[in-house]
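After the structure tokens below, expect a handful of questions from me.
By letter and in written order, the chains are A, B, C and D; residue numbering begins at 1 in each of them.
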Amino acid sequence: MLVSAITPTDAGEGKTTTSIGLAQGFARLGQRVCLALREPSLGPTFGQKGGATGGGLARVVPESDINLHFTGDFHAIGSAHNLLAAMLDNHIHHGNPLGIDPRRVTWRRVIDMNDRALRHVVIGLGGVLEGVPRETGFDITPASEVMAALCLAEGYDDLRRRLTRIVVALTAERAPVTAEDLHAVGAMMVLLKDAMLPNLVQTCDGVPALVHGGPFANIAHGCNSVVATKLALAHADWVVTEAGFGFDLGAEKFFDIKCVSAGLDAAAVVLVATVRALKLHGGAAKTALTTPDPAAVERGLGNLAKHVENIRIFGELPVVALNRFSADTDEEMAVVRAWCDRELVPFAVSDVFARGGEGGTSLAEMVMAHAERRAKPFTPLYDLCESIPVKMEKVARAMYGAREVNWTKEAQRALAQVEKLGFGGLPLCIAKTQKSLSDDPQQLGRPADFEITVRDLLLAAGAGYVVPLLGDIMRMPGLPVSPQAERMDLVDGVVVHTPGGPASATLPPA
Amino acid sequence: MLVSAITPTDAGEGKTTTSIGLAQGFARLGQRVCLALREPSLGPTFGQKGGATGGGLARVVPESDINLHFTGDFHAIGSAHNLLAAMLDNHIHHGNPLGIDPRRVTWRRVIDMNDRALRHVVIGLGGVLEGVPRETGFDITPASEVMAALCLAEGYDDLRRRLTRIVVALTAERAPVTAEDLHAVGAMMVLLKDAMLPNLVQTCDGVPALVHGGPFANIAHGCNSVVATKLALAHADWVVTEAGFGFDLGAEKFFDIKCVSAGLDAAAVVLVATVRALKLHGGAAKTALTTPDPAAVERGLGNLAKHVENIRIFGELPVVALNRFSADTDEEMAVVRAWCDRELVPFAVSDVFARGGEGGTSLAEMVMAHAERRAKPFTPLYDLCESIPVKMEKVARAMYGAREVNWTKEAQRALAQVEKLGFGGLPLCIAKTQKSLSDDPQQLGRPADFEITVRDLLLAAGAGYVVPLLGDIMRMPGLPVSPQAERMDLVDGVVVHTPGGPASATLPPA
Amino acid sequence: MLVSAITPTDAGEGKTTTSIGLAQGFARLGQRVCLALREPSLGPTFGQKGGATGGGLARVVPESDINLHFTGDFHAIGSAHNLLAAMLDNHIHHGNPLGIDPRRVTWRRVIDMNDRALRHVVIGLGGVLEGVPRETGFDITPASEVMAALCLAEGYDDLRRRLTRIVVALTAERAPVTAEDLHAVGAMMVLLKDAMLPNLVQTCDGVPALVHGGPFANIAHGCNSVVATKLALAHADWVVTEAGFGFDLGAEKFFDIKCVSAGLDAAAVVLVATVRALKLHGGAAKTALTTPDPAAVERGLGNLAKHVENIRIFGELPVVALNRFSADTDEEMAVVRAWCDRELVPFAVSDVFARGGEGGTSLAEMVMAHAERRAKPFTPLYDLCESIPVKMEKVARAMYGAREVNWTKEAQRALAQVEKLGFGGLPLCIAKTQKSLSDDPQQLGRPADFEITVRDLLLAAGAGYVVPLLGDIMRMPGLPVSPQAERMDLVDGVVVHTPGGPASATLPPA
Amino acid sequence: MLVSAITPTDAGEGKTTTSIGLAQGFARLGQRVCLALREPSLGPTFGQKGGATGGGLARVVPESDINLHFTGDFHAIGSAHNLLAAMLDNHIHHGNPLGIDPRRVTWRRVIDMNDRALRHVVIGLGGVLEGVPRETGFDITPASEVMAALCLAEGYDDLRRRLTRIVVALTAERAPVTAEDLHAVGAMMVLLKDAMLPNLVQTCDGVPALVHGGPFANIAHGCNSVVATKLALAHADWVVTEAGFGFDLGAEKFFDIKCVSAGLDAAAVVLVATVRALKLHGGAAKTALTTPDPAAVERGLGNLAKHVENIRIFGELPVVALNRFSADTDEEMAVVRAWCDRELVPFAVSDVFARGGEGGTSLAEMVMAHAERRAKPFTPLYDLCESIPVKMEKVARAMYGAREVNWTKEAQRALAQVEKLGFGGLPLCIAKTQKSLSDDPQQLGRPADFEITVRDLLLAAGAGYVVPLLGDIMRMPGLPVSPQAERMDLVDGVVVHTPGGPASATLPPA
């Protein structure tokens, strides 16, 4: 089962919590179940959103270890990524026998940190002994192509194949230069030895959970690893997995990239909705999301409707899970239930934060009931053999509801280059804001009659996809005015997070 | 017991191997012994030198795990270091209420990689939304002040105190800005939770070894952690530890920084010498070090003599351990032995690479015999209350044999600033080439009548020292023309290193 | 009379030559006539196009002096522009009491040179004493706002008013910072003392010519100065002036900016066409423009037709002047004449390159005949009180024939800022490629059903306009593979230009 | 006759004023005399010092024209210099067939402006179409090698020879790349056509003055042009010329570079001294220089003595001219006169500021009397065939009184490169602070027992010298907190400079 969500608020709608609670619910019902989740990144942990191990009575443990360095997978991926970068710059410095054009290096560096100031940098300064000057930047580690290669790889051999074909630069003659050309693949494999292996933890009440592979479905494909998913499938009757952010982002990529690549499918798609997100989409102020407002919930249903429609486009069965918050009123919840009844969408309230597995049994039953009725496999949105613009248009129209796709000149040039190198047949891993169905974070609800803009197109030959960058999306987040990091501490050896902690030294910018 | 060495060749003289073999020898003699070693950095592993877990039958295991990410300590230290950097740039970006002068930020970023192109960079480019432009750079993680703070800390509380006082920048009015001012200390503690704890492994024949804290005695203090050393002392009768590179670098800092700070001392100092290093100091070509040449060994004894003298300056007992290589001839070894006899220096051949603990028993016996006779504690080279230039001069004259210390204008300005901020009473952690007793890597043997130049002076208030940069030393190494990374691979899940592997794509620079 | 042209080839269609010849023709007819021309820039002189003093027997003299430094006006303008920049950076360096945000500085530097590598630079590097790091760049001097202020000023007082209101940056609070705030206006006036005065030269046969103010109607407004034009009008019965590139660029700005601002008008508009440009628009290869091809001329007439239409939109009378080249055939010229007859457009062949004033008399007579019949003043394309997007749309539709105007996000943000600062009522000085009626240099002839894209919007409050940047247009040209500079020399004190000179050391890029 | 000075205050000691007044004095005596002076730079005009056309009744006119753009020579030189830079970067951009190493480009750009922020820049940013990124910077135009080539050239042919051999960069193989290799020489000659010709003006009372060639004897050679000097010699019996700053700077270069190169000599050397400068050297505060203090004058005589000694080292006759200021007391002037009498140095008070030529007749008579007694030609300080370090040492010891010359590593590397390229036989054009005989601006009076440091060594093969950079000297000045530019204006078409004008918006830095 795949757990996805409607277009989320900044705090998230509890997809991970619901996934965990759903698995706990299955376990309560005596089912053999396993979770397959994604590893958290340090970026959000210290940035705006916080950790990613569920909440309340629906958690995987040990929480703070998972949220921090965990088994070191992200660090290993970052090291492998950056070793390739260091070998590349070293090659240019030592006479550049491959003839790499320093201006045509596309391989950036990564760090698992929200670090805005590293987005655009000039390196190699300081004179003849300090490398060759060029423009580049850092992305956050989850956006690393090595992360994607690892997540999509079927095993060590496939990982090696993917690393081998990574394109890092072009020569002055526009010929591609690969990780293989730089003799970096072996050392990268060495660094990824343990990171390739799934990590087994458990929920707070003992349900097995494989936590492996990266998040950030806005700027990456944002699914846990194929090997973890398959390991879970091999050892349980039910596997609960998740796809990041709204269905239009994580779940689209789950199907069109991960399932197509690995031959997977979903028995059902649980769509997590919350009263407060629906209120936001219905026009309520961000600061008023705990004030009862059934009318706003009603107005926000368009967003839910679009996601339900999207699930059906893939030929999947939607089940709406209303993730209950303490401020939700019965009247508000009834608005959602009524809509689902009207639209013949299975609906259940999930109360797993407060009640753990017990709060997830009704959802689990609902899912079981529907999942067993499923017959046909899912239908991808596009054929790989279609051209990249056609694929882009199909996703934009079907998933986002866009009227038209614009390509900037830069994106058109990048597209021509990608096609010339023979990578036109790759799937798309679209980078887009998670805050809207459109590419504009201000467009809430169900935007209509809008255009989207492809700003640039990146080749990730090792991951096996191309990345259209939509709107203003960036692959390196920044910290907010007052990051979570300011409110975290270690007290008697225990990680403590005080949301209402000491005031920040930083003030809002003028 | 402290294991140090004469001025080394590029490949190292086997200090770690000898330390391990010595402990193995102690164990063979029925003694309760424990090793306290340093963790390897990925920089040399993929660069020129390779891993750092000993060799032959004198190794700590599991080798490749220790050499790679190990328990993730370096990654945690790097994350804590870089989080502080990200919070600093974030503060400047969001209106800069503390009034930090972007040009007076001294806190750089770190990465555990040899990456020359990151030495000097301009960050924050790309416009108003992408941070504030400024010049900075990356050091290798072992040179991180967080690494030093962790190594020198007596425990969590001391670590917190050290992090709190880290000075990251000056305001336009030249007031210091600390990690505390940026509210970063708690989050850094969180990231260092596990890294603070020593890691227990063992030698290939079962002798316990605590491997904890950082290497690079040329650009850092280069000793394993205080907590590991004290843990070892609490559980064994004999503890074998090491200090990086020649005695003038690692061991000087071991005594003047680590022992002074933590109240430690050494029972004996084992000085590792090799025939091939002595030949190099005696003028033999780098490519001829395996050709028998007793005359060159004889000529190179000056270097050995200076290190022996240095040990005695600290009031310590030197024991010379000749680390045997297969190419060494009896005649060559006899030259060293004869000198030691003449100078009344205890001498033993160490054959631990080939024979493990058995090859280390005679050295162990020699050390035990002398260590038990030791009476007085060691004498530091300088009093902390002396001025920084006086301290610098004392080290330069006593340890290096320099005639005079020059300070560049930049260094003089930095010195004035450090003194003005009230940090004149800190000890020195001198960054200097490991290839010579002087600050010029070309001056082999025992250079005489030379001057050294302090190029700059860095404040590491959290580590609790200042760093005079001597000569051309850099805190971020570069990769060689053909790095070890090109010859490493993962074969059937096992790390394989093929020194004579496939030819590099890189050619020597013109 | 205004002389304009159809969309030109890279070599230009002889607008300046025709203007000169037309004035010479008037003089031959006994009329009191004066030329008002623009000063050449060193950029094209040493770049691709060469000098700008007419040709053959229709030249202003002394040619090479006019083409080189002339009276130093451009250098003075560059100095005034760059002094303001230096004072701005000096202000930021010395404590920045005005609170300028270094990232929001919009004032770039200028140099009268085609120098691609200066387009995007980072300045202020090198440490605390060397200024504050920030991103900026250089434009070519003709694109300087000081150039425009000088050209549009009615005299010293007006120039001072314009300089005073130049906006160079925003503070962190988005308040504008002006040249006045930096106390730079007086010194700029001092530097512009002589540059403000028109320069009197003559044609090779003695017709007076005022050469004053800047070229580059693609990236600037590209008209000679108002004071020169008015001086000419005060001393002659007929004044011949020119507007750069095609009518859509220079002439549109001549009317909507210069004439509106200075209360001027044109008695007639001479539209220069050439057989070879029409062939290019008709699809002939660039290398085949001297091969007779009447059919291509016929196909290219659409471009001519659009420019004639544009002239009439302003309420002006078009006169087509066919600038004769030696390779033109009678049949080709007949094609143009026939079209003009059909469309009731006065037509004359201009043969001034070969025959000087004599070759211009028939054109002069034709112009006199029509100019005297003119009654109504011209109609601007837009009202200043209309919003910037409306003005942009009016020009794009009327002049270029565009279907729609797109604004990038960056341009939208800039627009919002300009409007917020209260400059929404300024006219537009559109920067657009000169090679097409559209913003895409590849679209020759009369493109239809196309969109244009506003990439950015610059405020030139001192000039008194805003600059929409269209397509890929850049305000700093680059040198070609083999610049004219390689073929120029001084021989016996005389400037020699050898088009077929020594081969370049530079080869085409891969 | 050469007019030089003692080590000056920031405002200058009136060398130009004295030169003019001396010539005026000669004219009053009925002699045929001509001045040969240097052109002012816009840098000091708008920076700290102001213009350079003399003062009071000893001025050359038209003052403000000479101080501003004058005949455009500096702009022409800047254009020629920067055209070479643009062609160089263009070459690298278009495939770089000469194989230039972008990191080994030594040719910077110039601008005639004090612009600190341009000292260190990174250019060529912005992507593939915008050039190749590299580090470089701007110098002030008087420091341009083209300026020096023009000043030292005997005519057009010699200028061409000098431009031809300018070395702008090295290839990766360390081969030199010249202006000739870039085919830039012809175009540079074209740009310098008029700048090569001397400019004739006159003093306010009609004495002819050739004003030609560049200032800044601290960072350039700082003499007027050879062609102007020779032109003056050909048309007058007496020629008065000047050399910038103290005798140790301008006059040393006048003899060792200009006279050696052009076969010139001086009949006498007038050494301008002022009471206020002597007071400064005697320890008086900068703010107390108008307070009578004969004791400070007495203490400052050491500086005068050293310059007198230096003149005699060259075998020249010194004549001390006390440039009278209104605040000078008789007692103070008597101190200087007494010293000169004691040391047998001819002495005269110059009162030309207040009295013009009349105030210069006694000095003129004194000079005539001594100049006619002169017999032997001057002796250069060094032979060209000596090595660069020997030449440097000779100047440092003889002229500055230094004990020792240190070379930084960077300077040593540059020296090795210069010698390898075969330019070890060139003379030195030493860049050094003008504020002290040493390389430290704080060391006033006659410093003793000091070392100087060569920080870097630049090759100026076209100028025909090498430039040792001493101490912290920079070739691009910065503006002060409140530059003169803030107090200049154009009033009724006249340049007005109000020293006590409106307060600056800039405050002193913290």
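Keep this in mind: a residue touches a chain if its C-beta (ideal position, glycine included) is under 8 Å from a C-beta of that chain, and two chains touch if they have at least 3 such contacts.
Computed from a predicted structure; not experimentally measured.
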B-D or B-C, whichever has more C-beta pairs in contact: B-C
Farthest-lying chain, centroid of Cα atoms versus that of chain D: A
Hey, which one of C-D, A-D or B-D is the same interface as A-C, over half the contact pairs lining up? B-D
Between chain B and chain A, distance of the C-alpha-averaged centres to the nearest whole Å: 41
Between chain B and chain D, what is the separation of their C-alpha centroids in Å? 51
Counting only Cα atoms for the centres, state how far chain B is from chain C in Å. 65
Identify all positions of chain A at which a residue touches two or more other chains, and write them in rising order. 95, 122, 125-126, 132, 135, 172, 509-510
List the residues on chain B that touch chain D in their complex, please. 122, 125, 171-174, 406, 408-409, 471-472, 509-510
Residue numbers on chain D that touch chain A, as the complex places them: 95, 101-104, 122, 125-128, 132-135, 172
If you look only at chain A, which of its residues touch chain B in the complex? 42, 46, 64, 68-69, 72, 75-76, 78-79, 82-83, 85-87, 89-91, 93-95, 97-98, 111-126, 130-132, 135, 156, 181-187, 189-194, 478-479, 481, 483, 485-490, 493, 495, 502, 504-510
